[in-house]
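In the two complexes below, chain A is the common chain; its partner is chain B in one and chain C in the other.
The block that comes next holds the complex of A and B.
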């Protein structure tokens, strides 16, 4: 890309077109200064266009100084500017000039508003890679140092995100300085800066040499993990994952574990929550031995924590934690240490805890195998299937496939049915919607007989639900069932009931028939569609309600591809023509659309101008 | 130290009456304050420190202080303080009922004792008092029940252990206010760490607790000169974290109320630290989503600053203009209210410095389609002092305002606004009829000139885009970042 940048700098200015005077910088800068914020914002978002008009040299010498000097704008404008500058390398003449972008970005990295600052840091990180090692030391690293020793907390906060991008590419003297700056920020006076440093600790550790991870990072980690503010301590937990991954196993016990143990028992629930939330990552980072000795009891405590937030976070990790236990002792640990806690969580007082557990508990069956599942887990599944909170029941039902693989679903079906029926009739439509979505899955697991006997009537009942979203989902559900059980099954069980609704006194139900036909015709195939569905649709073209009639037109368009051309000409076309002359404007419109959409051979059906009808 | 001793802080009553009676903001707010609505069922929560307790708690019943001789009282007082360090689980309403009641009555006794007794405050009592208070009040606040706790809509979750906590706070306040209280001894125990923990508690959802904390912190600020700078700095940090990181802190209003009384006592000339606080902390607080919960207190602080040092007017108004709400009309009305408070105390020399950007904003407000915003801005013309300032500077202000007023007078959907506009136009006409006639005469040509300029802009951008397209084709290797 260095080659292309030269070609740009030689011919890439507006002057190349011979109309340099067309874009005097003043005019462009006026645009960037427009009194109206919105216009200013638009101009800034097209900054690359302006730079292109000016050419690389004037962009460097005139535009960038202007931008650097006028960084007292609305935050939204500054945000756009910070983003633009991250993509500006080519517009200032390529990597050898990229450092020209540093002054405006440096100012942007010190502003108050967090999103602007973060964007400036993001752009700085991006262009740091485009600096040569020399430029990095001459231009970039001094900027980082200036930010790191800035008066106001904002610049120091921004500095935290820049250490890791320059560290790997500078000399060892400079590296030592960078480490010193990072150390200072970790013990900064303002908690905002310490939080920023703590959140970048893991990232910084990754680019450091192992000896410095041990000497520097560990002491910083320990200090941040015992900060007086819990918002700082919890960020140290995040860093713990990266740090533990970097260290050899034999050092973990002395360097990391004391801090991690302390975090798992922190007096602030936010810190404990963080430990629970990162538990799987921590487990992988510290390895099987420490997991067995330390993490198992810690996990038990988190599952029994006094705050529901912590218990829920831990409950979410139950399956992953068990999966990742060392194979030789997995079953013993689960049975003796984890399962007793899980049992208690099934009857937790907090519904979020129960629902978090319900979303993962079924996964334990694959880990524990058939016998243990039947003896120990099944009672828990059944208890959760009867839980008062619908979300808990739903979470169980949505994960049925895991159990099916291990013990077969028959074990559950007796309890499953009442649970499904209750959810199907729940007063909240969102709950009904959720259970509909699991119907195809359930049908697949339970088999066609069970389905016909127990669940089919539910599926049909949803078609006449008083909430449109449910009727719509029920229609979609039928399609999936037909895909699963086949056309013959559809003809025997579903189609008669769907078509029966065409005579319903409620026009919404009559329309549902049409919607079902739209959805089912393809899956059912030509024969069923032509023989059974089409006559009903055609008959409905005489419906009194205009909405039904124009949906007939839509349906005819929809099912057209399934029908043969003879049938289209002799049966469909006359009806569409009749509807195209309907007294209702919408019916006309959709009939015309349908006629236009179908490619009839003869051209006596010339589509009239729609506007004629709307006049 | 000498700088602090010149600092004077208002008593808490004075400051709260000043801050809780917001001047003109409510007057014009057509919406009823949601927070005034009757409290529904209140939920209770407890601190995050109780794991299930296995054993019932037993405390040895001690005799009443008044029943023992004067010599024995200090000893017994200490014992009672130690007993009150025992904590009870209030979420379990049935456990330890007798002992809970015993602690309550003991605390009551302690409150009375520190109020009326003399000579009880020996040096050994200080650490014990602070220990007892710390044990009881310092705790990790539990998670908020609803994720999106909206202090305006939702009822706060109340602290379950309040029956004890309230008495502990009361005891501590009496202790701090006691005539025998000596800050020189107490400062060994009431230190930076103590204050930091105290400040964290201001995030409590329970308004009763925040109210007690306000008094406690105010007393500490008043009595411990060595802690003042530290307290201010930590409040800074809380506010900055609130504005730029979490957007969540329940005690902003209470902390501002304390600051209101502190600002009043700042020595002149103002230190750079205080000015920075105003510009970099107080002004950005205006951008918070929950501004309505502490706006009265915030505006009070701002006006206090301006009354201290009028030269701050320009940065303050520029700050308000920077944070001017873009979409929230309710907040816009609040800003207009605050601006009027500022204009009420503005010096004419300062007014001149800021009038142009200020009236550009007011002109936008006047033409707001939200009638409450337009109305609130137009009310400025009923303020005699503001009117006199406008009149003195009509040659600058009228050209800024004229176009919006003229346009809106014909277009606004709300007849009340049209009527107000008409009055404002009339006032301007009387003020400076020559200029008014000029502006009316050139209104049309001015609009045309604006339109022409607009078209030129569009042309410019079209040409620029064409150029970009050409370049894009010429350098297909990607000069244009897309």
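The block that comes next holds the complex of A and C.
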């Protein structure tokens, strides 16, 4: 096998007749057929090396014919081959011979795997530019025709992507033929081909002369947009954008708008979804006047659609649509037409719709200004902030900054903070957990001053929550806050409170002190850890509860790396040795582990000794 | 795609009279059919034994569990309880042997599914092929979907007739060449070889069904298909295996409230947005995927009101629909329940257009059929190419055909003893009470272990495939 050949040392090959530069190439060629797909793939990826060694003549006459029939291989090999051939022009002798690459790419353009076909088409498009105008008509265009009239729909779908690259460079007779072929594919029997044609309609329209856009493309567009298969119709929506951009404004009303209106009211929700999804592009393509007269009501309908998927797609576009409205009438349109729909969406039955809306709704405040925001938008934000779905709340909280800019922090705190505090004290621990997770984000958006004043007490209250998961999350939250606001802030605001809990009568709270120290020591740095935290930890080694004592041992190990070695020797070690002689077997164990300096798994460290999850 | 025109004058009257003949059964397949297993003789024999089933004993694994023609009728696929798929190809037309036209030979055999064990649920997953569906042909290769209870697989069946020859580092016999003797590079050359048919798994669609898959159906948009289990229907893109969309879910929040399961589902032949599913309560729901992403609300509901005078303990069991099929035209639906085949017009939901009795003589024997579980048998049903004749199976290796135009029906038997190759099939009669005439068989002597559950009809010609436990019979119109 080729594999065993690798073991032959290269020095042994330098015989009198043998050419040792040939050997690696010989291996590569043989491995094109290796049983191991990885080796075949490897060889295909070095196809240019093989071609270079063979020279242009043998590449054309031997290598390419072989590759043309190698379509039985795995997809990944074929994909690599299709890609390689796109860069092969120089290796077959330059543009003069580039047409030699067509046969292998043609056979790759008919395989069933879409990614391979697409790559083959991409390479064909690439090398089409390297054809001289004559070669394009003699070699390339016949290939396109062959594919376009092939028996199997795979070849016809591939043809759809090739018309636009040859059309601009051929004679007018051939152009007429190409247009005819494209027309045929648009009314092909199989939906696969019609879909491929529909998805290339816009691209093809761009290279056509305006007269043919108006005569040919519009009729094809209209036909595809009323295809019996909704999977075809929805692709026409995309084409609508490119076609509308090509046409002069005065033609849009008669040539494009009837179809677009029909699509926005299509029976199939998938088509309406596509319209909603492409709404911003459509809006830009048709211009301000049509937007005002046609798109605004259409958009209202999409926001009220009976299918949640459509409403969600439209809700996603609310901000962009409003931004792109013509300036003179923007505010009126939003206030009278869009906002009423948005208000309804806030209490939609579907959470994806609400969540989509929540991700963009805050952006409206910049467009509408301070007064409108306070009067009309804040109630909506508040409602969404109290939504039962956490994703909705998160989307609101993560966009607070843009409202902040418009109405100012005071206003914001007065209106939204009560809602946040309410959630922070919710009876359901999962809700509290969700809010804790947003806290670092909020802190970053609102700034340290505001945080200290309004939110810090909340964060500290969570440390003594009766649910372990909340205490754990609160600990983690502190670390993130320290990372944001710095060690000095930590020393002044957090550390005293954390250390104060070391004297709490509840041993669970005392343990929380240890967990916080574990989490904070690194962020706070050596000085604070040695000066303030370590003494507390050491003192807790005398705690009467064994769980606290062995957590001291764990903590000492955890903060060890932050301390200097002198301190470790003189202060930490004696305490650990004392704990290692403890009466309690667990304390002994963890102290010994700490002395040995073994690393713990994180799980080990965070696992609650007594679980107090109350669901 | 233009649908075939329905209800042209039936070419089948001839058939339904006396004219069917056996053109090939499994027993007639000779070993050379399997040439593509170009291995040693031993291999060939082994494969023949397992696939030709030319023996009197049949293992459970040999029982055929599904039969399906492809869209041209050139290929016929069967799946069995052993997880194997056998594909037959129609003999090409030849001038000197015109009668051989219509014979099907083994084209490819492969193991589609293996037995598995779900360790999370401590459940064994059988390898039995529940359904096979062919995809529209897209290139020179053929593609089919096969499914067991949990996993759908997309298979490619392709031919290869060229082989690369010539290595640099070894000689023709495979001996390693001395690297020092390599003075020139050799590029492999493709040479013709014996035709080889390969089946390769292209996609595996798994982990989407909690219950047992009973149907798969390919959409006329050529890019999606649905898979149906007892309570849910999922929609897949043929190229995407890690995501499917749930389009129907009838699972109640509390499983104790479960009163109905989905028994079969199929896409409309040319309206890509329409599909139907049938239920164990005897109703059929037609859904429109345009209306909403989740099709929990049907757009049409077909059900025949129950006749109170016929009500019995078995009413609900025997009204359960075991199969539902759209006609080729897309205008009608055919459903099979335990005793009847019904044809529904899509435009009339209140009652079926036509009802045909398959084996009404069993009505008096429901009690014993309940005891031996036969009452739960899932018979399938098929249309002929012009939607004018229906076919479905029964017991005792009998199968039934109903001509919708002439209202004539016939009972035929798939058995090796009673029908010689190329002989004309004789219609069979079951005698109901009273005197038994010659050639009739009494209800009491029917063999209920010989059931014909799966049949298939060539899409355009009068060729049918009938699976009788471990045997596949192919019948066709008499060739002149």
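The criterion applied here is as follows: the second predicted complex is superposed on the first by the 387 of 615 C-alpha atoms of A that agree within 3 Å, B and C clash if a C-alpha of one lies under 4 Å from a C-alpha of the other, contacts with A are read in each partner's own complex, and residues count from 1 in each chain.
FYI, contacts are C-beta pairs under 8 Å (C-beta built on N, C-alpha and C of every residue); 3 or more make two chains touch, one makes a residue touch a chain.
If you're wondering where the values come from, they're calculated on a predicted model, not measured in any experiment.
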First, second, both or neither for A:58, with chain B first and chain C second: second
First, second, both or neither for A:69, with chain B first and chain C second: second
Touching partner for A:110 - first (chain B), second (chain C), both, neither: second
Touching partner for A:48 - first (chain B), second (chain C), both, neither: first
Chain B versus chain C as contact partner of A:25, first or second or both or neither: second
First (chain B), second (chain C), both or neither touched by A:87: first
Partner chain in contact with A:279 - chain B first, chain C second, else both or neither: neither
Chain C versus chain B, contacts on chain A by residue: C
Chain B versus chain C as contact partner of A:140, first or second or both or neither: neither
Touching partner for A:153 - first (chain B), second (chain C), both, neither: both
Residues of chain A that lie at the interface with chain B and also at the interface with chain C: 4, 8, 12, 14, 17, 22-23, 27, 53, 112, 114, 152-153, 189-192, 195, 228, 230-231, 267-269, 306-309
Contact set on chain A toward chain C in their complex: 2, 4-5, 8, 12-19, 22-23, 25-27, 29-30, 32-33, 53-54, 58, 62-63, 65-66, 69-70, 72, 110-112, 114, 152-155, 189-192, 195, 228-231, 266-270, 306-309
Of chain B, residues touching chain A in the complex: 48-52, 140, 142-143, 193, 196, 233, 237, 240-241, 244-245, 280, 284, 322, 360, 457, 460-461, 463-465, 467-468, 471, 475, 477-481
Residues of chain A defined as touching chain B within the complex: 1, 4, 7-8, 12, 14, 17, 22-23, 27, 31, 35, 39, 46, 48-50, 52-53, 74, 87-88, 90-91, 112-114, 152-153, 189-192, 195, 228, 230-231, 267-269, 306-309
Complex contact set, residues of chain C against chain A: 1, 136-141, 143, 156, 158, 160, 162, 164, 167-170, 176, 179-190, 198, 202, 220-223, 239, 270-273, 289-293
